[in-house]
């Protein structure tokens, strides 16, 4: 920067290392990238921000932050290889919604099961979001299509599901009798049989799907279940 | 409580603190004096009596620890007198301080009374001097503090900080039990019926009362409770429990009415009844 | 930082110069001071932020920005001698009343200090608004309750106060040693009970209104404020 003789420049400009400090402080405190002109405006008369910036960039080479050119301006930026430090992952633990857990349970016990079957068992429509969530969680995936009119898709549980619940196979899903024996469910005086039509009964083409449901047929005390709230 | 900020105010605004022998102004006099005191006195005030004392002390131009408390007391009292002469009402604090300083002054002037209890006048004066010095020191400290290189004035933080990207990962919680319960809930949903107490095995107290009323007349001597249970209610444990409870409750009611007596030899021993006759009541 | 054998530490921590870069990046990116613990939380397992911070402080000595210690934390701040360059950044700070400034100084020098003690020193009642303002500015917070009748709340200065005034710790308050030597920081001056009439006497009923101090009691970390123990 050559300047015409000017009364203001009678004072010699500060030495370059001081100019570098100034640029360092100004860029640090600035809220947006500053151009050389911005810098010159704020530094004492006679300073050469271009040279100071160049010196500063050399100084910060390879450091945790670097001086980057952004358009016409300069700004401090975190070194690209350290960007991972600017992330903090917070893990939030949330309980599955009732709809999701019920849908999941139906798929686990009746797989492969169609959406219509799930809805029959639940008695309410299964929202797209619920299935999507389970699929996104990788606990549920699509199985073979059912060879019935409309060839509906079926849903099955995944390896990740088995991992999460500590099961080797869907057949390991405990039956009611087992749970009751473990003291996890309270007994109630015997009532009538469940008589609940299981989806497996109409799973015409997939015998395997009936198997998990069979667990309940072993249950000689198909008592009414106490309300969920009563359970420990 | 009135604000403790320094203030001199028109006399018609009586101090909130009691103990000052100012006449309670009636409405008429307030109106009259308000008219007189159209001038609201606004004095560049002091932050309370201690502040005023500190300012006065400075006029002595000596180290605060060497200050003459006697002189200071006189200066203060003169100030208060002047304010009163100007019909400026000082806040109660100022008057209380004036009274205290007048007391201190008299104690300082009199020869010490060896019988007097409590701190000596010298101790009181020294304490006042200490308080003035401490307040002065804190004011200087405050000034030094405010003269420091303050953040946002002399020193600056990063103007464009990098936001820490908080990624939120949701971990869904579901246990096998949750799964089981959900499934059980579905399987048993159709079984659901509104809750109704199954009365088949319940012997009500009304039934027991009827039965007991009828039978007690035959119990001239102590008769065990079990004898009163209805037929078919003593074998099944649930039915027996219900009938026993109802009969016992009914017997309490009849005992209250004075129609039978209850006896139990000891805790958990059998309970027996007999009829109570009118002649027993005497 | 010594850690017990841990599968997570099977990877050796990055070399010190890399740790220094990481601390540099993290501190540059933050506006508020970060403690060694904050840093360790964000750095890879096994890092020693203390050593990295020390190295970083040496590196930035005399530069346009420096690493300042603020209580238990560290932060980059522009060098005070360059403040003349910073008009653009200067924030018009709220003007504090004389009462607020004095109250702040008394809390800083006498902490932990009760409201009654503040009033004794100033000779006037502390208006609720004054303390509220200081607390709102986050320069003052409640400390532990004094174990004296009435369990009055105490007030202490915060890390934000230290940051604002460029103090490493409350020990660094200007003139603290002299004031202490002169006996001017003793909360109970010699000759207690001398009957000097002070406004503070009727402020007792305000103690109950300071109840929120309870909120601060639990998270009060005595180690964080060594000065508190030192001061009478």
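Each chain carries a letter (A, B and C) given by its place in the written order, and its residues are counted from 1.
As a working rule, a residue touches a chain if its C-beta (ideal position, glycine included) is under 8 Å from a C-beta of that chain, and two chains touch if they have at least 3 such contacts.
Quick caveat, the model's predicted, so the values are computed rather than measured.
Ranked by how close its C-alpha mean sits to the mean of all protein C-alpha atoms, the top chain is C.
When chain centres are defined as mean Cα coordinates, A lies farthest from chain B. Ranked by C-beta contact pairs, the top interface belongs to chains B-C.
Averaging Cα coordinates per chain places chain B and chain C 30 Å apart.
Rounded to whole angstrom, the centroid-to-centroid distance between chain A and chain C, based on C-alpha atoms, equals 38 Å.
Note on chain placement: the centre of chain A and the centre of chain B lie 46 Å apart, centres being C-alpha means. Residues of chain A in contact with at least two other chains: 25, 28-31, 76, 78, 86, 88. Along chain B, residues 156-159, 162, 164 each make contact with two or more other chains.
The touching residues of chain B, when paired with chain A in their complex, are 156-160, 162-191.
Contact residues of chain B toward chain C in the complex are 1, 3-5, 47-51, 93, 96-97, 99-100, 118-119, 123-124, 126-128, 130-131, 133-135, 137-142, 144-146, 148-159, 161-162, 164. Those residues of chain C lying in contact with chain A across their complex are 20-26, 28-29, 42-43, 63-65, 76, 78-79, 82, 85-89.
Interface residues of chain C, counted against chain B in their complex, comprise 28-32, 68, 75-80, 83, 86, 89-91, 93, 98-99, 101-102, 104-106, 108-109, 120-125, 127, 163-167, 173-175, 179, 182-184, 189-191, 193-199, 202.
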